[in-house]
């Protein structure tokens, strides 16, 4: 059960003179659900973008599914296939229909044949509850629908881990729950997940562990009850007060 | 290189002619562009229609053909007019310099029209409203609020259009203006070194267009100075 | 000084004979130019300095000098060198047609590769990252995700470039090519009726420009179908 999927050891990352990550140590086991929160600029996004090497870390070790991340291109493609990612701004391919957005990577990367890729894509669209939108283009969907398509697109590759980078931040309030519902389903099915989000209700109900980051450091990391009930650090308390105030 | 030495002063004076045509044509293109943009933005359907035809015709016809129409057309017209009064009058020649500069000015003016119009409309309407709310007159809004923001928006395209003006000046050798292409042709007949002579023309143009590009980049930096982060 | 319509009618068939050559020049040079542009583009975005620099120098030279000068350097200039007259390219470079196509293609290659690069720069970074995150190798990201979007973004500029190339074919008349402008110029020399003949030619160019724009408008609307909100 405690098989590590992601391990980060002393990971650091700078942008010029700005320290984005300093000495991050983190282990995520199979089936574990981690929620990361913190003020903007605290390094949350940078951290999960390092996991599939959208950002390169400067120092330390990152091991994903047993592969250490280095500059080797072929290896990183193999790692990325096993790691699904959902972006804040959806980043759907605007020139492809919903169905084709889902089928593109399985067909190209996995060499899946058209019929089974389409069947799998339709099944996933059922799962995110928008099969009727399959033949529309992303621009024709609402933000919530687009984000659910983006989740389905990531799931098409049968990833071992899912990374969510503030998946609901760009959404209108009435659309947030439809996306969170899909994410809760996913958590119930036992998917290993790292979610950067400020949706504390979601965090409380699904997270195994909540992590608070500030200035590129992990300030506190604890199970939800302890995190919300008895935060140790002053910075965490301040943050929780602000975010739970509204 | 030795072949060039006797011709350097000719190239120099030819370059001066190119620069003269450039500045006259560029000035005219701005004038035609502003008139065109004003017509396109006006309420008058007639003015609007004329401006549209102007743009379509001058952007859709080869530059060389427009130049030839201007040069020969004006000459024939003037000759006919002269002969109407004095039947024995000879052929009237129109100075090719002015025919060329006007033709280039009209061609590039058609492009300037759209650039100026776009820049005018590109200014945030909220800016204009805010200025009007402060009690500024229409004229003041235009001069103090719209214009300063407009020229920043128009500058990148304006830069490209001035490069077009410069490159179009090469055409006027065809109607007999004695600029650097003409010098190269003369030098070739004497030295029998056409490549040397024409590549010199190319290098002179490259030098001038580089200078224009750098100047525009500098102007753009100046125009956008208030957009840079305050630090 | 009246406009002689009979002359227009009698000269139109002759000018239209030149149309075939105009279209041949346009078609060949845009095709070769497109391949050349793609090649230059790949060098330009390769990320390796020893590939990027030659591409940048090429673009800089061909965009910084007038096309007419380029045509003259190739047609009049290259025969200065014995090794060119003895090379296997001589049969092509000896003919004005070969020189015109070469100059127009080289010129188009520089402009079109910059248009393509503009399209690629315009592709949303997030979409590229999404392709990366799915584990597509670099070349698949380029072919299946970046290119289709970049082509849509680049089409309006490309359409303008093809119209520019149509107009540029008129310059072939300066090296004795009998395309539309060349035919018109010989007719004017014979009849000395510049208005009638040049304006007839201009009308055919305008019709061609219009046709090209319609074709590209159709392609653009087809390529942008996924951007529209609802069908």
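Read from first to last, the chains carry the letters A, B and C; within each, the first residue is number 1.
Assume a residue touches a chain if its C-beta (ideal position, glycine included) is under 8 Å from a C-beta of that chain, and two chains touch if they have at least 3 such contacts.
Owing to the predicted nature of the structure, the values given are computational and were not obtained by experimental measurement.
**Q** Both subunit A and subunit C are touched by which chains?
**A** Output, common partners of subunit A and subunit C: nil, no chain qualifies.
**Q** Would you identify the chain whose C-alpha centroid lies closest to the centroid of all protein C-alpha atoms displayed?
**A** C
**Q** Can you check how far apart subunit A and subunit C are, centre to centre, with Cα atoms defining each centre and the answer in Å?
**A** One centre to the other, that is 46 Å.
**Q** Whole-Å distance, subunit B centre to subunit C centre, using C-alpha means?
**A** 22
**Q** So, what's the distance in Å between the C-alpha centres of subunit B and subunit A?
**A** Spacing between the chain centres: roughly 55 Å.
**Q** Among all residues of subunit B, which ones touch two or more of the remaining chains?
**A** Residue numbers touching two or more other chains: none in subunit B.
**Q** Applying the document's contact rule, which stretches of subunit C touch subunit B when the two form their complex?
**A** So the residues of subunit C in touch with subunit B come to 1, 60-61, 64-70, 72-73, 76-81, 163, 166-171, 173-174, 181, 184-185, 188, 192-195, 198-199, 201-202, 205-206, 209-210.
**Q** Would you pull the subunit A residues touching subunit C in the complex into a rising list?
**A** 52, 54, 73, 77-81, 83-85, 87, 89-97, 104-105, 108-109, 137-140, 150, 153-154, 157
**Q** What part of subunit C is in contact with subunit A in the complex they form?
**A** 124, 126-127, 129-138, 140, 144-145, 148-149, 152, 225-230
**Q** Would you tell me which residues of subunit B are touching subunit C in their complex?
**A** Counting only subunit B, the residues touching subunit C are 56-57, 59-66, 68-69, 72-73, 75-77, 80-81, 84, 166-171, 174, 181, 184, 188, 192-199, 201-202, 205-206, 209-210, 213.
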